[in-house]
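Both of the next two complexes hold subunit A, though its partner changes from subunit B to subunit C.
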Partner chain A sequence: MFIALLKKEILGNLYNQRYVITLVLLTLLIGISAWTLERAQETYLEQYAEALEGNKAEAEAAGKVWQFMSVGATTEKEPGDLSILGRGLEGEMTRALSYSGWNEVEVGTVKTFTPLFRMYAVPDFIYIINIIGSLLALLFVYDAVCGEKENGTLRLKLTYPLPRDYILLAKWAAGVLSLCLPLGLACLGLGVYLFFLPGFEVTLDHAIRFALVFLVSVLYLSAFFTLGLLVSCLTHRATTALMICLFLWILLVLTIPNLMPMVARALKPIPSEGKIAIEKQHKAREVEEWAGNTIRAEIHDMDEYHETVARLVAKALEGINQFRRNRVQEQMSLAMNLSRVSPAACYQFAASDLLKTGIGSFSRFQRYVAWYRQLFNQAKDHIIRRARDRAAGAGWWGGQDMASEDFALIPAFKPLGVSFADSLSGALFDIGIIITYNIILFLAAYTAFLRYDAK
Partner chain B sequence: MLWSLIEKELKNNLLSMRFVFSLAIVLLVMLGSIQVRMDDYVQSTLDSRANAAAERQTHRDTHFWRFQWTGMFLERPVLPLGILVTGTERNPDPRFRVFQKSKPIIRPSGSIDRNPLVTLSTPVDIMFITGVVMSLLVLVLSFDAVSGEREQGTLKLLLSFPVPRSVLIFAKWIGGILTLCIPFIIGYLCLAIWILLSGDVRFAASDWLVFLLIGLSSLLYIAWMFSAALLVSCWFRHAATSMCMLLLMWVLLVLVIPNISPYLAAAFSPVDSAQSVHFKSMKITKELQNEENQQLQELQKRHNVPRWWQEDNAWREGVELVARSHDRQRQGTRAIVDRRTAQIIRQTDLAHIIGRVSPFVSYANIVTTLAWTGPGFEQHLRLLMREYEDQLRRMTTDGLKDQVPFSADMLPHFRYTPPPVGARFAQTLVDWAVLLSGAVIFFLGAYVSFVTREII
Partner chain C sequence: MTVPYEIDHLVKRYDNGVLAVDDLHLSVQKQEIFCMLGANGAGKTTTLMVSLGFTPPSGGTVRISGYDITREPLEAKAHVAYVSENVQLYGNFTAMQNIRFFSELSSRGKMEDAALHEVLARVGLGADAHKRRVRGFSKGMRQRLGIAIAIIRDADLILLDEPTSGLDPKGGLDFMNLLQELRREGRAVFMTTHDIFRAREIADRIGIMVRGKLVRVLETDEIEHADLAAIYTHYIDQMAIQEGGARPDTTALQ
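Then we have the complex of A and B:
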């Protein structure tokens, strides 16, 4: 009985004009997006190779130790391979980072070709499912119940000995299955395209991540589908249902995820960079004065004294950096929690985390940058100590030539790869929320349909 | 006759639930976002002022020689019109580093420790509210303008009266546009009153003019969308089909083409990477610095002093030599940067040409240029910062020559003024023409289709 209902619903969907449009549109968009972003990725990779070579040459061109201390080393992260599917925060993570002997880490420009790229969202897979997919899901379902009532077929159906829960469950299952089909086809096409793409090596890790992104996408679309079903069960005219669905879509997809980061920024402001700079200056002066009054008398060797003071200052400044990082983290958590009212935000967080371009990966990267700074500083101290030994009292250490062993001391910049377990644990919470939305909305739709007046 | 038809259309629309919904959405989103954006503006202005003062403080104990090596930070200007249109100013780096001898490129400076969510989200501003939300509401309000009446049978009845079809479609067009303008105008007026009453953001007279122009361009954009919707509604027999077609068109025009066009342009008109510009500039800088060192050594020999800064005449000559070399470094760097800027302009123009298939791109171009938060802003800002660098160069050379102590009060204040409204408006003329001609062509299409096609 249930199977017959399901079959009827699925066939009804498949023969629908809207269904054909959904299928064509999704496949077309995912194809175009993969092609354009893959072209862009090629350029990013070329630029990365160019930057690696240039950075190395630039660091090694510093002949004297003081020159190296002022120029320092510039590094950058390799473009992530899965960022073709969801660019997320990849742009922020691939900025050039300059470490020097006595300055703060300086970040380079975000790698976009022109400022115009900052104006529009990146048309990647996540964007297509998040914005366009959710709209299509709602359009697909808005008249599922109220439309049948308008046509009169619902009344007819209820005269048969069919429990209402069967009817609704069949509608839901058929709808979600019918949605999965175009999405699955598009994803399969995408997978095949990536597989045959020269220069893109598909590993097991990629396949698992991609499969999970597909699953999360299905869950997300099903949440919107169930929302549409609920609206359809609560209204009696198809046009009203469509109106309410579009209203909810504007609110949940366009407004909440975009407005909440701004609200969080207003509620939990971060001290500006200028303020932090001044605070650091005061702190450094304070530490230097304190050292002059206390430990100066105990340490007789001037070099050792300066080194100790520099270490103390660096520690104090790192404390201020840490303070700012914590504030950023607080603002970020608030923004995320506020946005999670909308499944669209949850989807974005979960999917980008799975593609290694999400908030979790970014925070990890920020921590690595801070950690690398410490490694770099240790290497710097080591190089200075060696130069001092070489100078052995006869002249300034900065005037010494950089030796090839000195360059070898500089640690390689290799942000740790994000393991699948890490990505999954980052995404799990948001996946859980999407599942919860699904369940709550379905229960609400179920209750509404049981009480639905089909007359 | 025409007037009574328009009246009928207006009443029909205004009394519908869709209209009430649309009005509610527009008011909610417009007013909800503007308060957040104004708060953000106030915070950014305060930060920017505090940072500029703090920056002067950091140069308190410096001297001219060191100053030209370290350079200084300039705050990114925060324009009041930014509360209406974010444009390319989406979470940008807050400062620029200028006048640094070791790295002479003017470049944005920021920290890796920032909230990336703002980068990830789309700003909810007038461009977004009108361009995306309003345009969707336009379709919702107008998809059944003709096909709906045809389905209900009222169109047949209407045509049995002695009403020419041309008058009927014209009345539908006027009535529809008036209905659609009402929620926007109400929302926009509330916005103006809110801005005036809150007093957080002070608009100059020219800013209000821009406010008005942005409003007008939004209405034109709405008219484009409505005309297209009317054409589709005339073309298809069923309201549901026209809704599907319109949504398909909307997704392509508003969500896909604008976002894909920069990538297409990038594929056809490449731009050098920022890093490569940096490497080239550093190469020139290094060569010129070596040359400068050699010349200084020759100077020492000529004046027969062990160190050129120990003797007055050698000092003055040396300072001039260093200044000249510094100038050449900046000129060389600027030439390289200019080449990239030219590439960027070419690519941006190409992206606009490709994107103009979509009215959203024309509209976005108009509002970002008028509010001066588009791609032109940063180029103009950089030009003004170059002038500022030249001022600093003169100040430093004079200060070194006359051997006066450095004081932070000597630093000139950097004030950014955008180009006059007239000049900005002139840049948008093509886009106004594109939107206007689009609206007219679609209306004519709807007209022809309505007059010639079978109604029954």
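Then we have the complex of A and C:
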């Protein structure tokens, strides 16, 4: 009996116009998005290579040590290989980072490849599933129970010796399987496209990540499908169910993920950049004054004195920076936890983590940037020491030419790749939440259907 | 021998206090057609809804082939088939796909396509209709398909809720012939209707229900000579006088 119900539900879905639209729309959108983003990725990679050359030339153009101190070095992160599927925070990470003698490391200006890309942002795979997939899942299921009641088939079906859980389970399983079909087709097409794409080497790591993103997408769509099923089991008119589903979609997909960061900002405010800058200026002045009054008399070599003061100032400023970083982290954690009320946010976190463009990768990149700064400073100190040695008795070291060996001392900017284990451990929590949503929503739908008045 | 349909002092009072069925007591035997007459709101459909387990009784029991619909719903449902006033099926499916699906749900199990075609032909659906989507069917065709679906359940009891309303005269006549065939096959048939003439034509017994109460049962020998319309109007008037209320709409009986 269950198989008969399942077969009928699947067949019913296949005959459903809405389903055909879902199938075509998802496949088409994912295909177009992959093609467009792959073109964009090609541009990103070309410009990354150009930027590397440019940065190197710019650094080498600094003939004098003081110029090097001023200009410093500009570094770039290579565009992520899987960002074709989900841009996530990739735009925040692939920026030019400028390191110099006295400037702090700042995330540089946003790379403006082609301004139109920003104006007409291309929806990636995650966006399509997150926004459009969830909407299609709800539109696909909203009348599964109440619609059958309205047209009388549910009543006829319930005159048969069928346990109600069979009926609901068949509807759920058939619906999820039916949704898997367009998603699976689109993913398969995408996989084949990437496999045959010149210059894109599909590795086992890619395949596993992609397969997991597919599974998470199925779980995510299933959560929305089950939510729609619950709404259908709680209403008696298809139009009412449709309105409720649309309201829930707006709330869960559009409102909560965007609202919660604002709530977190109100609950855990971060001092503004301006305030931090003023505080830093005060602190730096304070340290300089203190140094002038205390250690100035003990250190006779001016270079050594300036270096010591710079080190003390940097240490004091690092405290302010650390405070700000902690507040940012706290606010971000709060915003993430609050937005997890919505499966859409959980999906976004999990899928982007698996594609190495998520919060986990971003935090890891931030840590690398801070660590690289230390490496750079060590190299800078080394270069200055060498210049000073060369300048012994011949004026200030800053007037010295940069030696060719000096450039070799500047460390290469090579952020470590994110291992699969790290990505998975980052995504696991959100995957768990999506699974929990599925279970809770199904149990709620089941309870509602057991009490459903089919008259 | 188990009785296909037994209603024992059934009471149904809705949450809003309306007493829809008031101490209803009757049984329908094998090879018997029982027609329940009554105006709108008399409690006929409520009786069917309780009998199919869609709504719990407030008191009393309904047994189908010996199984209490409240306590053993799945066992009871295995012995009953139902045809509603306005049969609604899966519009995207063909007649064959619909009947095949419902055959797979019945306790009898999956049937061969040839047997299904035969049943469809028996209810008067031509071969060309078998492969047509039900969405394009007329009401009469849907009623025929509904009865075909009921037939393949091979149930002891067939419950029909005003099945001939809206059918053209030929459709109604064919339907009555079909019910007689089912009776000959040994099924028990319980049919609610407004249609006194068809009831007189086909029923072995006729019940009159007024405001939830079964006020009169006419046996086979009474049916032929009785003036059903007069009897029914009499009961309604009496009830209205007793309750001091308005007389129910009996235009369908005039």
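Basically, the second predicted complex is superposed on the first by the 429 of 455 C-alpha atoms of A that agree within 3 Å, B and C clash if a C-alpha of one lies under 4 Å from a C-alpha of the other, contacts with A are read in each partner's own complex, and residues count from 1 in each chain.
Here is the rule we use: contacts are C-beta pairs under 8 Å (C-beta built on N, C-alpha and C of every residue); 3 or more make two chains touch, one makes a residue touch a chain.
Worth saying up front: this structure is predicted, and the values here are computed from it rather than measured.
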Going by the contact rule set out at the top, does A:383 touch subunit B (first), subunit C (second), both, or neither? neither
With the two complexes superposed on chain A, say which partner A:4 touches: subunit B (first), subunit C (second), both, or neither. second
First, second, both or neither for A:23, with subunit B first and subunit C second: neither
Touching partner for A:153 - first (subunit B), second (subunit C), both, neither: second
Can A:455 be said to touch subunit B (first), subunit C (second), both, or neither? second
Taking the superposition on A as described, I'd like to know which of subunit B and subunit C A:15 touches: first, second, both or neither. second
Should A:247 be classified as contacting the first partner (subunit B), the second (subunit C), both, or neither? first
Partner touching more residues of subunit A, whether subunit B or subunit C: B
List the residues on subunit B that touch subunit A in their complex, please. 17-18, 21, 25, 29, 32-33, 36-37, 39-40, 43, 47-48, 50-52, 54-55, 57-58, 73, 75, 87-90, 92-95, 102, 107-124, 128, 132-133, 136-137, 140, 241, 243-244, 247-248, 251, 255-256, 258-260, 262-264, 266-267, 270-271, 273-276, 278-279, 282, 286, 344, 347-348, 351, 364, 368, 374-375, 378
Of subunit C, residues touching subunit A in the complex: 49, 52-55, 73-75, 77-78, 80-82, 84, 86-93, 97, 101-102, 104-107, 110, 146, 149, 153
What does subunit A use to touch subunit C in their complex? 1, 4-5, 7-8, 11-12, 15-16, 151-153, 155-163, 453-455
Interfacial residue positions of subunit A with respect to subunit B in the complex: 17-18, 21, 25, 29, 32-33, 36-37, 39-40, 43, 47, 50-51, 54, 57-58, 61, 70-71, 88-89, 91-92, 95-97, 104-109, 111, 113-123, 127, 131-132, 135, 139, 239-240, 242-244, 246-247, 250-251, 254-255, 257-266, 269-270, 272-275, 277-278, 281, 321, 324-325, 328, 331-332, 335-336, 339, 348, 359, 362, 366, 369
